[in-house]
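Quick notes on the structure that follows.
Order of writing sets the chain letters: A, B, C, D, E and F. Residues in each chain are counted from 1.
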Amino acid sequence: MTLLLVGLPLAAQSQTTDERLRRGDAVVRSLNNDVPQPTLERMRQEFPFLAEATQAYALGDVWSRPGLDNRTRQLAAVAVFAAMGETAFMRIHAGYALNIGVSEAELKETIYMVTVPAGFPRAIAASHVLAELFAARRATVGESR
Amino acid sequence: MTLLLVGLPLAAQSQTTDERLRRGDAVVRSLNNDVPQPTLERMRQEFPFLAEATQAYALGDVWSRPGLDNRTRQLAAVAVFAAMGETAFMRIHAGYALNIGVSEAELKETIYMVTVPAGFPRAIAASHVLAELFAARRATVGESR
Amino acid sequence: MTLLLVGLPLAAQSQTTDERLRRGDAVVRSLNNDVPQPTLERMRQEFPFLAEATQAYALGDVWSRPGLDNRTRQLAAVAVFAAMGETAFMRIHAGYALNIGVSEAELKETIYMVTVPAGFPRAIAASHVLAELFAARRATVGESR
Amino acid sequence: MTLLLVGLPLAAQSQTTDERLRRGDAVVRSLNNDVPQPTLERMRQEFPFLAEATQAYALGDVWSRPGLDNRTRQLAAVAVFAAMGETAFMRIHAGYALNIGVSEAELKETIYMVTVPAGFPRAIAASHVLAELFAARRATVGESR
Amino acid sequence: MTLLLVGLPLAAQSQTTDERLRRGDAVVRSLNNDVPQPTLERMRQEFPFLAEATQAYALGDVWSRPGLDNRTRQLAAVAVFAAMGETAFMRIHAGYALNIGVSEAELKETIYMVTVPAGFPRAIAASHVLAELFAARRATVGESR
Amino acid sequence: MTLLLVGLPLAAQSQTTDERLRRGDAVVRSLNNDVPQPTLERMRQEFPFLAEATQAYALGDVWSRPGLDNRTRQLAAVAVFAAMGETAFMRIHAGYALNIGVSEAELKETIYMVTVPAGFPRAIAASHVLAELFAARRATVGESR
């Protein structure tokens, strides 16, 4: 029987979607300075399943896994989003990275690396968006002093 | 509180991953002539989470949704896999489409359509793989007579 | 001789480009509430061959083919444009889909499906554009009452 | 009336698909040493519309246009196919380029250029396929002596 | 020893990065009417390595190579940027192409060609950006009279 | 003057390509158990500039930078290659990762993450290639006992 082959511990199989959603919410809060993520919230009204899948699967199932430390996962995600030309998502995840202690310098190195697998346009576009993100955060810090 | 905004009915929130896995298994069986899918089975040993995510999320959560009929979902999926150059997955889902009553002619029309959004190489590569699939299925039917 | 192998009926081979352009115009009108399509019109002055190819080939040859019903073709096209990150074209074809009777719910399901072959960023970006399209059309309907 | 805006000369509008197919056949023969192209022929039986569209639109309409010389069009096409990871089509069009007098050195330069917009993996994969093509053609020339 | 296999002339191996940067600067000036390129300049402050790599590698090493004439390289680059959906970089390189004597008509033909390998959306999006570029340059010429 | 704005230390500007090539060679050896990399060596004869650019720029300039630790850079690169569908390069860099002490489990987690930005087909294809790599390395270890 197929299901017996799934290598999941029994505890994982009995978890509910509500538990997965709570775990996803905890992941967002841990990455986003304990506030909800606007892109996710924006989908709840019109695209509830997409909001749920992002929260329960992407964040609750994948992003919560303990096998990769948060810094490495965020830097790898930033590299992938940059290489795919998905600069809006790169900006979100670069912000998360900064929130958990990744340095601006490490984000820059990640973008430099992207020139090799994905070419210069994707890296340059990512650098513009990162420069805007850095400036926006410095402005906010300046205001809050 | 964020979670209250998720537009899921309570019944959905209390479903377990075991239930999602069973639903994914039922989806595979309904599309694949009641036998397991080899690409999925191949991952269970070494990549158990990926096998689980494919079964519980991709098949159990997404592919089981009632809002789109199976024929339309399969043809849309075949178009996307062809447009992305993912011919191995296109072949799997084109086989599913044939299993549930989509005609060879409809699959061909879907590939013709792909020339417009994604260009001729992706459509031509898909046509080669579809021609192989059609031939393999005719050979099997011939043998089983 | 190569040409004899082309499986076209003689009637198709004797059609003129003028006939193909008229058929493309009829396809646009049937999908776009009987008005011209602005993106197409915009190209006529500076890029006449591209306008002609869109009208005669993409619309007149491909989109007019009878082997796939309009609903399925539009939903498959929406899925492909979303998966490729081509949200402007997705919006045009989602509008066509609504014009011919596809429901908002079916478009949402199509976008949910896209998370599986193409990942979450492409589906989320598509959801934002669809939400804008839905809002714009509701605003127009409200005005015209 | 929309059609009046199309900037096509009347002669072009009255051309038949049969004429477009003949022009496409002439393009193939001019690029492929006067023999049919196997990838195209392979589609005629099962995917007749795709074969026709390739011959009448891609080759007959686009590739026959006089505004770009054949060398430039072939080198640009080789660059695009390499950048997209479409090495099978790159090989076909690199072969056409050699047939019309483009040098191996110019093809190599085109691939070097691809590292900048599309990254090193696409350029390196293209270089392997080009090296095979060059070797295969030298072997054939050796045999025919 | 690996390094002995590198087919570089000794002169190339002894060139300094300063020489490569000067060559890249000369390439920009030759393509950009002897003024610096704003996208490149914008990176210098925050992403100095990316600015250096663009100037020394992309421009100084690749774009300065003598094996491909500038017109062919620019048209191939425009085709690749259009096919990848990188319209901002396509605009920069189309502007370079015009600066060195490529005609608007040749750029249009290059975009028409892109429909075949990469589909209509990428070609249409490129046509919009080219139309804007052409209009902007005509406006500038008008002003300077 | 443009060049003065480049934020390179003078020492970097006076480095020679020979020094960059030596540094690239050292990077390969540190990642590849002190033996040359076959894909790189294969290009030297026919595509010397591409071999040089890979060694001097990709490896010597980018991969040698101290701002990112080797484990993070390799995992980010594996994620990018998987997300782009470049499984051959993913295999090379996953092998490097294992050579420098990254665990099989960390590589698996990286692939699980890829389902979110790039979808299931790219992650599943990557899992097959990783499973082959793991098996090949275990077979080699078995033989060498």
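What to note about this one:
Convention: a contact is a pair of C-beta atoms (placed from the backbone, for glycine too) under 8 Å apart; a residue touches a chain by one contact, two chains touch by 3 or more.
Because the structure is predicted, anything quoted here is derived from the model rather than measured.
Counting only chains that touch, the fewest steps needed to get from chain B to chain E is 1. Per-chain Cα centroids separate chain B from chain C by 23 Å. The mean-CA centres of chain C and chain E are about 33 angstrom from one another, to the nearest whole unit. Averaging Cα coordinates per chain places chain C and chain D 27 Å apart.
Within chain C, residues 49, 53, 57-58, 62, 65, 81, 84-86, 89, 108, 112, 115-118, 120-121 each touch two or more of the remaining chains.
Contact topology of the protein chains: fully connected, every pair of chains touching. Within the complex, the chain C residues that touch chain D are 2-3, 5-8, 12-18, 20-22, 25, 28, 36, 41, 44-45, 48-49, 51-53, 55, 57, 61-62, 65. Chain B makes touch with chain E in their complex at residues 115-121.
Listed in rising order, the residues of chain E touching chain C in the complex are 85, 108, 111-112, 115, 120-125, 127-128, 130-131, 134. Remark: chain D residues 57-58, 62-63, 65, 67-68, 71-73, 75-81, 83-84, 86, 89, 105-106, 108-110, 112-118 touch chain E in the complex. Per the touch definition, chain E reaches chain A in the complex via residues 39, 42-43, 46-47, 49-50, 53-54, 58, 81, 84-86, 88-89.
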